[in-house]
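Next, two complexes with chain A in common: one pairs it with chain B, the other with chain C.
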Partner chain A sequence: MGSAAEQKLVKITVNGTEVEVPEGELIVESVKRLGLEIPIFCYHPRMKPVGMCRMCLVEVGFKQADGSVRMMPKPQAGCTLPASENLVVVTDSESIHRDRKGVLEFLLANHPLDCPICDRGGECPLQNNTIFYGPSTSRFIEVKRHLPKAVPLSEYVTLDLERCIQCGRCVRFTEEISGDSQLAFRFRGAEMQPSTFELTDFTSKFSGNVIEVCPVGALTSSKYRFRSRPWDLETKASICTECGNGCNVWLDYRSGKLVRINGRTNELVNEEWTCDRGKFGQEYIDSPERLDRVLLRKADALHESSWPEAMDAIAARFVESGDSSAMLVGPRATNEDLYLAREIVTKTFGSRNLDHRWTKNLPNNPEATAVHSRIADFETARAILIFGNDLSDEQPILYLRVRKAWSQFNVPVVVISDRATSADAFAEAVVRYAPGEEVEILTSLSGMVRGGGGSEDLKRASEILRGGFLLAASSSVFNSASGEATAVALRDLCASAGTPDGYNLFALGANEQGARDLGILPTEGGKDTKRILEACASGEVKSLWLLHCDPFSLYHDRGLVERALENVEFLVVQDILATEATLFASAVLPSCSHAEYEGTYTNIERRVQRVPRILPPKGSARPPWQVFCDLRLAATGAMPFFGPSEVMEAIAKEHSQFAGVSYSGLAGEGCVLASADSALASAGIEGGGG
Partner chain B sequence: MITEIVGDVIRPILGGLSLTARRLRRDKATVMYPEEKRELPPRTRWRHVLARYENGLEKCIGCSLCAGACPARCIYVEAAENTDEERYSPGERYAKRYEINMIRCIFCGFCQEACPTGAIVLRKDFELANYHRDDFIYTKEMLLEPLAIAGEQ
Partner chain C sequence: MDIIQINYRDSRPKAPPPENVELKFSERAVRELEQLLTHYPDKKSAMLPALWIAQREYGGWLPSNAIAEVAVRLDRSYAEVEGVATFYTMYHPGHPVGKHLIEVCTCLTCSVCGAYRIADYLKQKLGVDYGETTEDGMFTLEEVECLDACDRAPVLQVGDQYIGPVTREDVDKLLERLRNTAEPTSVKLADEIVQTQLHASDQEKVRKG
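Here is the complex of A and B:
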């Protein structure tokens, strides 16, 4: 990105118009500067060109010293041709039109005419290019070739061999982008077909992307198979809430039901990729397990109730409990929910017991969970250190960015982990530690980075990290016994390499970072997650509120959770799905999924992104922030907020990092929050800059 | 006086009656509907029918092109996959749900034109009146050609 400015510009002529482009830019990209388009199949802007499909043929010539143009005798593939001085390109001549028709005729000779039942029909590059550039009728009267149709490559991807045009995009995606090289071509010539090695399952974590990358309907989604046609779908821009990365997606829905999820381009976050967890993991929205009614426990059984009745019961209990009430928050709540949750716990209930963390260790130092880098920064890093769990599991899209940094920008990567990870394959140095030894390893590594001696396997790692690096670790480090000490050791390692600002301990949950920023933590003298659960078990905490969380699946100590939920006098479960915790509930409040109410989420790089309301809420489900508003109104008569944008105004007023954030400004790529200290600085010195 | 009456009153009456008498000899233009029905022109576009192949399989493959072509947006199609045990149409795909809102339909015939298999056809049954709005949503079961008469036309 930064190097683009230094690049030499060359003059080329496209269809008689002169244009300056960076030297070496591919012609297929250069012509876009003039608003022209060269039809493509195999070329993909994020992968290396291969020139396999021959769809992008252009006539090429060179301007001679005397001003005449010497054309090359044969057309060239625009996707493999770099721009150079005095290049002349013709994309619009009679012979090029004839060539395109010929290429398409060859492609269609082996392509079945099952567009009406093909999931790609209606949004298919082959259909589009045929209509714009292809022959209007077919001369093919022979018998079409027949190959296996609907071969399941994996649980998610279906392969139709008849439709494949052998462009190699899927194969190159697994080789160049996801790096797992799961797909390859078998056989040669007309018989060539993409497949997995020895026909095993296609087990990539990013397999969903090949569906979108495929320019025909050869690779289709098994989950979306025959569910809709593109013209029957409505679509809205949203974000994914499966992990903290905040990937931008399109939610496609039909008659109020989510049908599929496609990647939405945001160069700063996910480029255009999605992981399988995000693309296929959102079926819970239409799950039969969804809570859709207010339930209240009367005489040992949950009975259907109404919102006003439940609100009265809850408000009375919690206000009465005061400081012996508590709230635990899960990872899927918007900033607005979180802000009001804190308001209501600290002000309305007058309690200090509030937490969003579910790790074994609960760090008290806010610096331990600091994040300094943006996702895109990893491309220009000097070196990258991945610490702890497998990054491709925890933050799949960040993993793709790290891999891109290595493959395209030669950034060396060091992996320090207690297990084999996907990043080992391309890491310059891999350090393994036994669980419990991480602090020791990190301390000796920082000593070596500072110039001291040490063991052989750390040597290579210390050499790479010496000049500074960016750290990619996640809050899962607190799941180890030495959680907080590990964070200190990591910070020390960053500092010893001279880049204290390279320290990033990324959040894991969809809005865990938002909860960190909005202070969903015990206030002075309050109880943290562990102590809240213990106090519930001992009867010290009398009423507990669970917002979008199931302690049974989030907390490591099942026994403690069970004792806590059994013994707490009054338990409110406000959740999307019926969970184990619902069985213990005194009151069950149905909540909306992220597609059903408007709000903002803060992703791992502290980018606040807005999500619209797309689907109607299930049954009598209500968004949490609205419930909190009502409760506040019932208990204290406080003026309610009439929309999430008003809540955001209140957040922006109260939290300096959010200064200047408003709903109208959050359209598009979202907005990155100022870091805690720089927000203070800008508030003091410049009065807050945009 | 009398000549005036004959000329101005009786004569025109007789003239008119004789025209009526002459017309009586011709064929009738009206029919005794609903007991008697007239043959409609071959290209009449009225009630939709989902046709079948001769072997009884449905022609409709649930491609939703009719819904895409429909200017009144009155067609709803939901597709599903054929299996060997449960086969509705030849090939992979069939229409699980197929509904037409007959109040919205403008009988333009675009659906018929768009259909790649000739499954949806507008036939001549025009007696579509009903008492309840809900009854105008024609489901797939109502639209499908009955198995017995398949192949007759």
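Here is the complex of A and C:
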């Protein structure tokens, strides 16, 4: 990692104040150290500067040996000007104010100024800069140019061509960050417009980000268009639960309804990006399919019931069933839900049958699902190996991080997959295998990393991986027939490259990692997912509880799921949405979505992040942990927890990895759990972190 | 471009996946492109000459398949190649160009010397406006900015030739001559430029001795 000591500092003068900054730092960033601001449009801290909009003009000069300052004749763009020794910058002079007014007057010459109906009105950099730096009136009396105002680039992104100020942020985002280059400027001069190839569908997996990087209202969200004004929205910090990455987001809501989701900066997790699944895929929260009433089966039909009635019925059945009861857990339950689920199954019901895994193979070795690296570690890795499915589908934001590692830090990437993936485009070496051959490929690769030789296509890969690498694989490897053997082979490959701590088998679900850490697994002699379903089908398991999961969509064997749910005597479905499984239920318990109750989620790098309650629950929906408390109270009279923070205290007492974790300490970036074996996670890192 | 009903996914076509793009370059064109690629540090840099090859191969203009083919052959995105092709005025993406492209300079010197009279005469004679092609697909008329031949104002460009100063009689003769020219001059211009590019490095060597 680049430590501050290595960087040479230079003295520059900003508005008469001397300040030391790293050499080469852009002036637009340097002035922030003095609390100053230079107005910008095209500059974005995460993209290369282009100096297109000229908004950041500053006066520049150099201090001479005799102490006098020689100013350059013309102003320079602050976003393309690197700091150097004796540089003098003036951001606040008469002529700079005039220049800014001039630039804004030009930008506004063709801007429609339809702010009163614009989605961006109220949070628009063009509006803000015009108010702070612009002219109060325009000298242009000519008719403005008129262009199409609603060009749908994709299902999610709608382009308003009139509002575009041609800053190129969106084009650079697709080129530099997401890497698909699906947007480019067509035509030139005043006619220049960002567009996809011949206005075909904008299919990028990260298209939603261009809405946020656009400094005007040109790229708008098709879902949010005209739905609200920013000042009517309430905003709370939340995290996304669409995959295990745990991206930080702002959840904007109005009158108790989710309106939109924007990326929230967390340098260690998602920087500021979101994927389209996270940004647009959370509409289920207000879906009419939401379960909002307690239902109990009487004879052949489900009838509306009440929580106390349902609790009594369920407690009686499950306690009676004892070890012939079971619980299956889905990926969207908080740590508090999971902890109490385990408590209630093992202690209250006295059962050993509990599982959270839905893959074909169910690994017994906890080493197989180990995670050693953090997301940000990938930037400083020696090399990266992506194994298995397309990373941009499974962990989109981790994919962006790997791509950043490659594009900014020249980290070589190797892809080993059975299909074409997005990462192939920038991978140094791509190895394809036919499904079923993965163990063979990995074993021969390990051999080559140790001793060389072997076939040509693996040779390049082994050369890159020799000397250490970080692995990005996910629990989807267990979906292949040789899942467990593949995990062993991957571990062996990491070890033979000298970096056993580069092994990462990331979780896929929102809190799958939490379930791993809290041991949502069959206890000694208990049944795993497959055997629970089989036992349900044969009548051996009499009561089954489904917590936030639909086995029909999660498990590969539909026939088995159907037999299991049909034959089990008593089925409790506790879920957010009505699923196929609710049709088989004996009792349906409506549950809250992640936005409706407080809790913590553990992401793929074992970072525990807290989510507040933002929206009111739908109907009589209740958070699962509360339901478990009530059930415990009904069955055993155990003292209930009065809040999720109390549950976390209990977790911290019982699980050593959670030691020291408390709600008050989880504000901000969250905290990463202590590693069970506490090995140095940065073993695959060049320089060992400086 | 019409204002389209938003949120209607099916109405928007999808770009073809690279493997479905029909590759129509002739063997000669493929050889030329390979040779051109050796002139540059990366494939992206060869985009301008590659577009010229495409313009020649596709008959003097760049249909969407031509842009897609260049993108596939250079490992770039379609949008990026389209952006380049629409930036420069000598590429003709999107709409076909006749066998002969007549470009009328109407910049300062030419317009002072009567370029608009010549342009009007051409419009009347061909029955087309700027940017349009005659029905028989023979001529396309275009207004261009300075051709850097003010000494010959008013000047026309047809293919790789400058003609000027032109009078109405010259226009008649020119059209007559072009009608009898079998080879499309718009394609010929593209070929000339490709050949110049191909031999650019040889010339460099000669100059350096």
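What we mean here is this: the second predicted complex is superposed on the first by the 673 of 690 C-alpha atoms of A that agree within 3 Å, B and C clash if a C-alpha of one lies under 4 Å from a C-alpha of the other, contacts with A are read in each partner's own complex, and residues count from 1 in each chain.
One rule holds for everything that comes next: contacts are C-beta pairs under 8 Å (C-beta built on N, C-alpha and C of every residue); 3 or more make two chains touch, one makes a residue touch a chain.
Bear in mind that the values here come from a model prediction, so they are computed numbers and not experimental data.
For A:322 in the superposed arrangement: first (chain B), second (chain C), both or neither?
Once the two structures are laid over each other on A, A:322 reaches no partner at all.
For A:350, is the partner it touches chain B (first), chain C (second), both, or none of the two (neither)?
A:350 sits against neither chain B nor chain C.
Looking at chain A, does chain C or chain B touch more of its residues?
C
Could you look at A:616 and tell me whether it touches chain B, chain C, both or neither (first, second, both, neither)?
neither
Scan A:308 for contacts with chain B and chain C and give back first, second, both or neither.
neither
Taking the superposition on A as described, I'd like to know which of chain B and chain C A:149 touches: first, second, both or neither.
Both partners.
Touching A:117, do we find chain B (first), chain C (second), both, or neither?
Only chain B is touched by A:117; chain C is not.
A:225 in the overlay: touching chain B, chain C, both, or neither? Say first, second, both or neither.
both
Should A:181 be classified as contacting the first partner (chain B), the second (chain C), both, or neither?
After superposition on chain A, A:181 lies in contact with chain C alone.
Which residues form the common part of the chain A surface touched by chain B and by chain C?
Residues 149-150, 225, which sit in both footprints.
Show which residues of chain C lie in contact with chain A when the two form their complex.
Contacts found on chain C: 1-4, 6-9, 12-15, 64, 67-68, 76-80, 82-83, 86-87.
Name, in rising order, each residue of chain B that touches chain A in their complex.
Touch residues, chain B against chain A: 61-65, 67-68, 77, 79-81, 91-93, 116-117.
What residues of chain A sit close enough to touch chain B in their complex?
It is residues 114, 116-117, 121-122, 149-150, 225-229, 231-232 of chain A that touch chain B.
Of all residues in chain A, which touch chain C in the complex?
148-152, 154-155, 158, 175, 180-188, 195-201, 203, 222, 225
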